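In what follows, chain A forms one complex with chain B and a second complex with chain C.
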Partner chain A sequence: MELVICIGSSCHLKGSRQVVERLRQLIEEANLMDKVALSGTFCMGNCQKGISVTLDGKLFSLSPENVDGFFEDEVLARG
Partner chain B sequence: MRKFDTKVQYLQYKVLREVARAAWQGTLAEGVLDIPRRIVPGKVPTMRCCVYKERAILTERVKLALGGDKNNPNVIEVIDIACDECPVGGYEVSPACRGCLAHRCEDVCRKDAIVFDIHQKAHIDKSKCVECGACANVCPYSAISNHKRPCENACKVKAISMDDNKAARIDNQACIACGACVYQCPFGAIMDKSFIADTIRILKESEGSSRYRVYAVVAPSISSQFRYAKLGQVISGIKALGFHTVVEAALGADMVAFAEAKELVEKGLLTSSCCPAFVDYVHKQFPQLTSYISHNLSPMAAIAQYIKEGEPEARVVFIGPCTAKKMEFQREEVAPHIDSVLTFEELQALFDSKEVDITTLEEDVLDNASYYGRIFARSGGLSDAIVQGIKEIGAEGFEARPVICDGIEECRKALLRLSKNALNGNFVEGMACLGGCINGAGCLTHGDKNKAEVDKYGLEAYEKTISEAVSLLQ
Partner chain C sequence: MNNLCADIGYRSINKHGEQLCGDHVEVIEGENNDIIMVLADGLGSGVKANILSTLTAKIISTMMSKGLTVEDCVATVAATLPVCSVREVAYSTFTIICIRNNQQAEIIQYDNPPVILLRDGHNVEIPFTEMMIDGKKITRSRIDLRENDTFIAMSDGCIYAGLGRDMNFGWERKDIISYMEVFFEVGFTAKTLNTILLDECMKLYGGQPGDDTTACTIRIRAREPMNMLLGPPANRDDDNRMMALFFSKEGKHIVCGGTTSTLAARYLGKPLVPLLEFPDPDIPPIAKLEGVDLVTEGVVTINKVLVYARDYLAGNESYVEWSYKQDGASRIARLLFEEATDINFYVGKAVNPAHQNPDLPINFNIKMRLVSELSECLTKMGKRIKVSYF
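And now, the complex of A and B:
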């Protein structure tokens, strides 16, 4: 799975670092390091809604608070 | 309102703006010849002897705005017909000499070069004079002055001499493209080549980011520029030009600070690699020391490399204060990462060519880097970042002893010491421009407040440590 997180200015200020760190942690805990490729990009052009993340091309808007839910519902569900 | 330091800059700006307008409209081929007349209409000269000479020089400026002489590898070029052939006599005594009794000039001269005529007026024996300037400093009538050309005076690497027609000539073997002469020549006879038309082509061919996306990487010294607007408005303006987004070169600086701290601990002795003019200087004047140059890419190239790793079809344009970056991006190891380089001067021209008034725009945000990445823009900032980097990588037993070289003359002194194994330190921070990048030749304004502005901008960074800023990238 390809998980791309926006680390552009707008998302960065909304907390994309916290999201990256939490996702990294969750991936490790679920032992999915080989299955999930985590990477960053600058700006997905969807700055208003939240921290932009794409999972295999599908766009999500996250916040540091709902990362765990997203991981369970989307990443684990696909894993 | 927007502001230029000098009228030369303003003139150059007008040329760039006109060239950019034609480039956007796709009318360069047919419209380029009209540009001189548009800038100098009528018959009354305001700069030179006649409007025809003014227009002839403007034609040369247009050529430089379009990339200049393709056969000359240097990005700094002399417009020989614009060169005023300033006097080159060095220190000379003027008629203001009163023929006084004190003869301080004679006493202070260590070369016995001051002689007196029968009226007790001083003269300088040029066969003995070493142009040290001591006599000029002590004359109570300020009767001794230096008739050295401003370009030669500005060029601390002694790359400028005079050709057979007395016009300035640049020795490409010595020139480090720092642009000091560009900024100092009062006639605007030395200019940096522009890649503004290339940049517009890259933006136009992206077809509104549908074919590929164009990233602007901006240098942290942008915080001291465009003071007539808010930084957030400058970012909105850059996007309005067609850039997909704006990324801080300072994040590349964070990456470099980390990698360079590790490299310093490994090697024990290092010279910095972020100032391209300094790196070029080491290669040209101290080739025996090149092994000490950090193997890291510059912040500009490092962040561009990261962008292209994730998106190989992306284009990256660097926007900064630096003319030497225009040399750097053509180097083999940097060329794949950077597609074009603009100065802040050129960015202003680009805004106005598209009628983008940044003062009317909403404020966007710019935040990718840490405090330390941002203060790279000023002298001493890189050293602070290296010391911090060493702390953050946990190499606390290693003591970084930076030698901060503010300007190319200090760089030269440190490199001389290094070549004699007498350097009092283990890390040479080399910055060719006095004060650092905030005084680069491509800045719109050069002022004392620039350092304070950069430090303020640094403190506003969301991430406080280098590891926090780079943790996003791993």
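And now, the complex of A and C:
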């Protein structure tokens, strides 16, 4: 799975660092290190709805609060 | 004309309890690329000394820059300075270092501690001739410049540091030389070397300087061009023109901003790989792009660079942060403040609609303000700045 997180100005200010760190933690806990490739990108052109994250090309809007729910519903479901 | 330039840093510390400094440093550019530095130390301390040293430094630097002789300068100073009612003399010692066309230094000294020259990391005593002007013994030297020559001019507050406290005779000139020789090889900027010297003086005084203490460091270095790209052009048709101009320039290349770096990657035909690492939690990660020396995020990073730049011009206290950290802002700070001498900014005036959100501190006006304030700070650091808008 390709999980790409926006680290542009706007998403950074909304907390993309916390999202990156939490996702890293969750991936490790679920032992999915070799299944999920976590990477960053600059602006996806979706700043208003940031924090922008794509999972295998599908766009999601996250916040530090809903990372856990997203991981459970989307990432784990596909794993 | 050669490839050298003078990197100059100076600072004064006031005598304990004084609001004004009795030392004054004046640096101005004269004709033919000449740079004139005058360090004056007024008699006594406080307001009288401040007036004497300011007048002396201003008169000498202005006159020298117009090509007048040192005899004329001294005569004018002697005729102009107000006479102290208590001591019945008008008096300010001075050191003049005149860098002529980046090829030769002319050093004229009157009663300040002799200028130190570190060449290839070692002290070189500068040969001088003596002359008498108005009963004052003034020394004059001429020396051809080499890359990395470092001159240190001081007021006597430096050599009296620690006098009768930590040291019987103060921190003598030879002690300052051996102390500064240690730092030579590192390649510090003039400003940093100067800060290192004054911090040590302050320490030896136990935080309570017994005299006004001033140093000015001049380091002769090779010019180093640097280019910085920030923001996409207002008109999308200018993308290629802007990139072509930017990448054709000599020197290192820094690209700031997400959209901007995407454009640069497209122009170069290379992949842009953001690194998901946060050496500083407040600064967005940097990215890798072949052909570019540094890729960072835009406004948040530059804002931090501006904070560092302002501090560099003031107390230089955050040097301990940006001098080694690996985040985008610290890297830019090192490239711009330490490495570069000539900086070309390529600023795109495109408005990112997503940033025009009152909740976000990153709108278009802020970007333009950041650029003008940063280039103002860099000019004060002695850099040559050129800003082109697209």
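Brief remarks follow.
Note that in this section the second predicted complex is superposed on the first by the 79 of 79 C-alpha atoms of A that agree within 3 Å, B and C clash if a C-alpha of one lies under 4 Å from a C-alpha of the other, contacts with A are read in each partner's own complex, and residues count from 1 in each chain.
One rule holds in what follows: a residue touches a chain if its C-beta (ideal position, glycine included) is under 8 Å from a C-beta of that chain, and two chains touch if they have at least 3 such contacts.
Keep in mind the model is a prediction, meaning the values are calculated, not measured.
If you put the two complexes together on chain A, you find that chain B and chain C bump into each other. By the touch criterion defined above, A:48 reaches chain C but does not reach chain B.
Stretch 148-156 is the one of chain B that runs into chain C, the other listed stretches 148-156, 166-174 or 184-192 having no clashing C-alpha atoms.
Counting contacts by the rule stated earlier, residues 7-10, 12-13, 16-17, 20-21, 39-43, 45 of chain A appear in both its interface with chain B and its interface with chain C.
Within the complex, the chain B residues that touch chain A are 215, 235, 244-248, 307, 310-311, 364-368, 462-463, 468, 471-473.
Here chain A touches chain C in the complex through residues 5, 7-10, 12-13, 16-17, 20-21, 38-43, 45-48, going by the rule given at the top. Across the complex, chain A is touched by residues 257-259, 261-262, 272-276, 278, 281, 284-285, 287, 297-300, 352, 354-355, 357, 360-362 of chain C. Every residue of chain A that touches chain B in the complex is listed here, in rising order: 4, 7-10, 12-13, 16-17, 20-21, 39-43, 45.
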